[in-house]
Amino acid sequence: MARIRLRYYALLREQAGRNEELVNTAAGDAAGLYDELAARHGFSLGRTQLKVAVNAEFADWSRPLADGDEVVFIPPVAGG
Amino acid sequence: MARIRLRYYALLREQAGRNEELVNTAAGDAAGLYDELAARHGFSLGRTQLKVAVNAEFADWSRPLADGDEVVFIPPVAGG
Amino acid sequence: MSAFEFLRKPLDPAALGAALADVAAGGFVSFEGWVRNENDGREVLRLDYEAFEELAVKEGASIVAEAIERFGVRGAHCVHRLGELGLGELAVWVGVASGHRAEAFAACRYIIDEVKHRVPIWKKEHYRDGDSGWVNCERCAEAAHQHHDHR
Amino acid sequence: MSAFEFLRKPLDPAALGAALADVAAGGFVSFEGWVRNENDGREVLRLDYEAFEELAVKEGASIVAEAIERFGVRGAHCVHRLGELGLGELAVWVGVASGHRAEAFAACRYIIDEVKHRVPIWKKEHYRDGDSGWVNCERCAEAAHQHHDHR
């Protein structure tokens, strides 16, 4: 089990009903973690619409998670 | 003979030593008038480097001149 | 000054442009993104901007550095508003100073295009009909829902 | 306000941009031409601008109207300084407001390119070595002299 800190933005923040949370997960990678959290919070965005950042760097979905990692799922961006 | 008002700008103004002048000319068109004035003032610019305006509109070099016309020879421009 | 910054108060284009002043630059191009009263046929009243700031400032600074390197311009800067913005307000400013104008136009265009695609910033539109939505999210969320079983 | 104007005092980009404010415009692009300290390898100290104003304002206004028509932008304006300008001063300002940014960039570029080619404005550069010259005139005058017999 890894202890992961999540931060949520935009639509995911609203659907999760929180800005951040700490979770203990058995998911081996970021993709598995998203599926777990999407089921729990009812996220409407499919994983193919998202990017993921680990410790404030863009990361692959297959990246293994380590205890203490900070994970952010990134909805489609719309600056400007 | 047509009585023509010339206005000079930039290099032509400096070479003519004046901002404007009134001339009586037998030149049939703007091209002939330029050749006449280039000889008188020693203009260094060839006619192919210039445009000409008659009565504040761009005009053809072959445009016949009429009494009272205002003519401006336009050196290569360099705005901005 | 960082090459990419966020501000929670109104942007001042005159001051931002002045900071790029450079007597070796002959051309300066700036882009301003203004809050528009309409998007996709819906009447917009105001916007909320939020960002994943820690990553966004790194990605934004990378984009500005890429533009300087790629187009050989002398200076470039991008600032983005956060929080609630009303109609006509300035949401993003990009400025580029260059020896010549072609490079300034190209670099400015590059920066705003890349910022809109790569930097984690989101905007929520509030519509006259009382509805609201996250731009680029609502429609792809619907698509995701329809294809839920195929993920 | 005419679409193209001359001013004999410093230009104020903030005020000029504000005059194009439009809640239906999402993108605004501006170009500023600054007096550069170097041209063609020669060190420049200051510039004098002069124009055949009567024709220039007509031609300039035509260019802005062409840009609005061709690119479908919502508003555009160009202002050019006249007289003596020092290093770093703003010589020309072009602003374009548009629904979307691609058209704003294209129209702004069109206007400055055409103004530089078509509008009867001249600049005299004053160099550190004490010499001075009318840009675009001195060299073609030499060429004209060399080809004098072939005209």
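Letters are used for the chains, namely A, B, C and D, taken in the order the chains are written, and counting of residues starts over at 1 for each.
We take it that a residue touches a chain if its C-beta (ideal position, glycine included) is under 8 Å from a C-beta of that chain, and two chains touch if they have at least 3 such contacts.
All values reported here derive from a predicted model rather than from experimental measurement.
*Asks:* Could you tell me which chains are in contact with chain A and with chain D alike?
*Replies:* Under the touch definition, chain A and chain D have C as mutual neighbours.
*Asks:* Starting from the Cα centroid of chain D, hunt down the chain whose centroid lies farthest away.
*Replies:* The chain lying farthest from chain D is A.
*Asks:* Based only on mean CA positions, could you tell me how far chain B sits from chain D in angstrom?
*Replies:* Measuring from centre to centre gives 24 Å for this pair.
*Asks:* Express in whole angstrom the distance between the two chain centres, defined as the mean CA positions of chain C and chain D.
*Replies:* Using C-alpha averages as centres, the distance is 27 Å.
*Asks:* Centre to centre, by mean C-alpha position, how many angstrom separate chain B and chain C?
*Replies:* Averaging C-alpha atoms per chain gives centres 51 Å apart.
*Asks:* Spell out, as numbers or ranges, the residues of chain B touching 2 or more other chains.
*Replies:* none
*Asks:* What positions in chain D touch 2 or more of the other chains?
*Replies:* 33, 112
*Asks:* Which stretch or stretches of chain B touch chain D in the complex?
*Replies:* Chain B reaches chain D through residues 7, 9-11, 44-49, 53, 56-58, 72, 74-80.
*Asks:* Which stretch or stretches of chain C touch chain D in the complex?
*Replies:* The touching residues are 12-14, 17, 21-38, 87-88, 97, 99, 101, 104-105, 108-109, 112.
*Asks:* Give the list of chain D residues in touch with chain B in this complex.
*Replies:* Touch residues, chain D against chain B: 33, 49-52, 54-55, 58-59, 80, 91-92, 112, 115-124, 134-138, 140-141, 143-145, 147-148, 151.
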